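Next up: some structures, all given as structure tokens.
Here chain A shows up in two complexes: once beside chain B, once beside chain C.
What follows is the complex of A and B.
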């Protein structure tokens, strides 16, 4: 056993190719018991494939999957003690809700009384009591989704796998179920691997967030770490809405010390970048870190407002950075801050909120 | 779009012209029908051409396939569109006279010509009053055909022929279970198939002795058992039979260069008289509408003349006596057939004759195939066959009884109608409301009415009549009463409706179960994505479906032959005892089922393959994750999801199998003893072998229709349930 601790599930050096197309490579992922791991990434990056490989629905080209101290790479899904919620829910169309819930237990020859108890428990948790005798086609999308989750929890598996379970729901319902899922996870105490491409889900649900890019793990860690300390411009741009502003700049040293110039604007350099040599950089500035200039956030440029989106609780202001070749920029202001087209706003940022990337490799310039 | 409309119209118009053309009878035109092929046809065409050249008359010659001959003839002549002259076997004269299809032919066969033909032919062509009903033309009968490289000289008796040594070949092969070829033995022992007053003749001492004689030939192992015509021919061609019994037609089909010799059947030591085969005299018949036209009679006379006979004798055994006395070079085998014909017994012209074949063959088969036979069991077989002949005779329903039945039937029907109406109170108002819509589907409705409903009604109406064709009498629901009371016999006795229905149901269930099981198994195999050469397998598995069913059926019949079939050959290779497949119900039934399964599984396979693609993949994966084994996944997920699409296919398959005439008729032919017959093949026998009782057969058809209609109604409930 290479790693010291025993995880609930561990993916080691996983590689998966369909014919010649490599879909996953060099994936290492450890999920401690009780953890909630979320896989995010752009469409087609291999999230579902990774999940399905963990489930046993796909077999890896190389590498191994461990559950506890068992190598389950060659085991079929039924021997892995997992439950899965599919994006399409994949309910058995010919079985009633009750039968759908009981299906897995029946196959395992669980005693009838216990089945009834567990179904009752699950349906109480998920509010399915009134629906138990309906067929899936007689349910709404949200109800089906809950049945799919119920089918997973009655089994009390060691591990839950979710493949974009909320993507077929409307926004309000999605927010509601999202919370339910997390509560359920905490209550059931299982280990969860959850696939989504919705970053709100990713940020709010995850203990560990794992960002996949073209079949490889780009960055993995607590969600806020990925958000605040992205290892690459890709990660920084992927998380956060509106997207992080990325501006081409120069790190220069003058008599006044090091600073960053973006066109005619100038920005002071955070402490941690002080060791860098002068070079071209990409400056990452999150919209909510850009504020009207103040004492803490000294002005570094002027934004010419082209338009704005007032969301009620906050307003996103789109504009160009004066003197920087009309660089597009988005900032966030309080909703009581009145703006209009054509306004010029003096904007500032706290130095520690600036992140720098290498323009060529896109890697963060953290030392 | 328009192009095909126009072409359909053109076809219809052309069809109309063809039909119209048949009607026109030019004064100077004579239409001749025949069923000849090969050299016989050539000779006939040569003669008609000569006649045209001599007289300037136009002769139109139409060759009609033998099997369709009688029915085409009757329907054409009834419509006044048929031939002026036609050539047919004399034994049909009885029914043709009954049906008014022929008239006396005295003008074509004047008394003065009597001496012109062989006495035996003249006797057949004239009735007891001396009226000529046709002009003698040719003689057909069987003789002994020897392979001279295997037999030397002429055997002086059947027994000595069978005992002769000939390099492992069968000394004699003949269709031992055919009544036609068995008849010579019966005649030799003094019997006949049809006695005076249409009494059944296959009884008593002659029948018993003839059967025992044939049995002794086969049980000695020197004559193959249950050979049919094709097998006899094949054995002879391949030098595996030294002698066979057959007619001139068979000889003309043998390969040239086979050293053969034909002779009349030698005598039998066992019997006092010589074996007399059946003789068929082919006659020239005149159709009623043409009898008054002298040129037609003149033409017939010409065809039958001695001069024409010189041409015809190249290909057939002419009935002209002088031809054979003359010094002309005639093929020796034809001369031998002529000699044999003169020693033959003309077949009876009675209509009842046709009803003797089935019971006689049945008796011969039972007796030949029984492992042991003694006087008592043989008598039982003969008594049973006589009983069948009697019970297949049309029953005459008295008029008062018919009226009574009808009253009951009409009352029942009316009651059913009222019940139906009241179960759907809005039927008529609904019909009225949608009347406008019906205008749009009128063309389809008319087509369906003409093509489906009318024949159905015609069939249903026929079922209320009884008796042979053209002599049908109104019987009310007498046919139904007869059928449903098993003709007064035991309810599950021989030939009873209920017994046949039971067999049909077992047949249907067995077949459909196997179709679905095999189709399902193959479809599941084929749907595996990892299978290589999937397309090839799929194509190969669909092939049985693409082959016409009768071809497959005949092939299977051959494979199940007791001595020469592939199945028994395989069994022998494996050291198992060969099985006489068609001697027992269970094996004959199994042979039928095997054939029909072969024919039917591709359909189910294709349906299931289609349905399988509709089973969502993620639902199957959900089952995997839920912990299902492959079998559990199939049983609890795949199968229930397939059923809604499978159900209609099962119902369809059941209806097809219920009515699968081809297989039953061609493979087991109802053997043993009509036990494997299903309702349709049973109906067929009533229509075409047992006194031509169309009404009775139609009643069967209506009952079959009723059963299927009812089951499909019931199954619809099941279909909606699974859907």
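What follows is the complex of A and C.
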């Protein structure tokens, strides 16, 4: 397999335009062998187009795609050694499950005995043994999804591409298959590129998370890095549910040192922002970082409860920040913490959990 | 369930009206056919004295013997003409599909210069009556030395059947999700292999309907066959039939009997292919 600098797949300076509309620009993405990369972003951000370009189903306007040390930009999909799982599964409706699995191997003139062996292996891994002689229309959604994955793994490709493979499943099944996909990846040892708009899938599956915004990579890195150290307000707001609270504030210096004011509330400034000059800022506070005030999380304001959602294992409390122009805020509390509409809760945050963004550009202020 | 009875009564009335209308439509469509049957099986031809419900008074099979040449010693000729009709119609169906399928695929899936013009051109050809092309076709086929030959008819029929076949198949191909082909291409197929191994099998009902339409239009066609074929051995059945109703005499009995004989193969094909046809005629209306 490729050595240190050679990646399983590499996208270089990719640009894609349909007529006058630029869908992808300046995309650079390196996927080491065995890595699990997730492309995430709002609909229309170009993530599917990027995946399809890697697959060879779309050709780039400029830039190149490399598989190992081979430039495959001009090669058709069949010569790229990839397998793909489609959102609609795209099972061949006229072929049985067995024939669906064997289709790619037959096209590649694999000997019959080897086809039988590989189909049996994939079928055992995915639990398809009882379904092999059925037609796709006789399968449930979850079963079709497994056949689609089976069709990918029998090929033993260099790279797996997934295009929102779970979006047609119900929530319970989605959580289950999500785990299966990651286990399968670890077992097969292939390189995976996975497209989703679901942030839970993105966070849980990825080694490397690549967040696309309007055709460009907004931030790329380990999921928790994107979550904890977003480069922009956009990234911070995209990841996390409920969404991060963003409040307009001022970074000011007084005799007591630097602090942030949000209306009449005051926050201390994390170490990494101490070098900033006084300015307007957007303060990002994750709901789960906002807690009833305590010694570690000193109070910075009071939340007037307007609404709450008790989920059983935790409760999201919606309210307004007193003295801050009635700014809406969401915090998370333990489910044993009783809340009622009209309550006033003293809330605090650990200073290091505060992130600051430039109000105009939306960029994080510590980068 | 409180007003279930009333609702049922209303549904019953609706069902009654629908059935009455459908039965009426079936009678309207079959009444002439009943006449043909009556004339074919009657010894005295049209001598039914104008009663409303036609039914043979004196049963006979003599008309069939005349129509098939059994009683005139021409059964070998009739057999040959039957084979002419079958081969010409089957070849027309095959040739039409062979040309229309790739053309329709290109029109359904690819963008190219002249696509819209080409489609309008195809549409335009549908607006001319067949008769208008009879004379030009005669000259063309004469130049190609294809007059009086089955191949000539096949060429002419395929040309007329193509536009409809292309439109039909284009719609069928457009109804197939493009991901199926993409999956095949990722799986290792070229575009052509994806077309042959995925698109064509999935479109089989539509191909069957289109082939049958081409077959039937060739099977029933009279004007071109009468114009382009002058030897008796080269006739197709519609031309043979027409000869029973000449300028000076009209042998309605054999004509009716011949019509029935001619209808049998088409009915047989419809019967055999009905499952394919029904799914083909409704293709795209329901998501698989």
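Going forward, the second predicted complex is superposed on the first by the 362 of 367 C-alpha atoms of A that agree within 3 Å, B and C clash if a C-alpha of one lies under 4 Å from a C-alpha of the other, contacts with A are read in each partner's own complex, and residues count from 1 in each chain.
The definition used in the following text is that contacts are C-beta pairs under 8 Å (C-beta built on N, C-alpha and C of every residue); 3 or more make two chains touch, one makes a residue touch a chain.
If you're wondering where the values come from, they're calculated on a predicted model, not measured in any experiment.
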{"item": "Clash or fit, chain B versus chain C on superposed chain A", "value": "clash"}
{"item": "Partner chain(s) touched by A:103 [first = chain B, second = chain C, both, neither]", "value": "both"}
{"item": "A:341 touches, of chain B and chain C: first, second, both or neither?", "value": "neither"}
{"item": "Touching partner for A:151 - first (chain B), second (chain C), both, neither", "value": "both"}
{"item": "Partner chain(s) touched by A:94 [first = chain B, second = chain C, both, neither]", "value": "both"}
{"item": "Partner chain(s) touched by A:137 [first = chain B, second = chain C, both, neither]", "value": "second"}
{"item": "First (chain B), second (chain C), both or neither touched by A:78", "value": "both"}
{"item": "Partner chain in contact with A:187 - chain B first, chain C second, else both or neither", "value": "neither"}
{"item": "Chain A positions touched by chain B in one structure and by chain C in the second", "value": "55-57, 76-78, 82-84, 86, 88, 90-94, 103-104, 107-108, 151, 155"}
{"item": "For the chain A and chain B complex, residues of the former touching the latter", "value": "55-57, 76-78, 82-84, 86, 88, 90-94, 103-104, 107-108, 151, 155"}
{"item": "Complex contact set, residues of chain A against chain C", "value": "55-57, 76-78, 82-84, 86-88, 90-94, 103-104, 107-108, 137, 151, 155, 161"}
{"item": "Chain A-touching residues of chain B, taken from the complex the two chains share", "value": "616, 618-619, 621-629, 632, 636-637, 640-641"}
{"item": "List of chain C residues in touch with chain A within their complex", "value": "177, 179-180, 182-190, 193, 197-198, 201-202, 204, 288"}
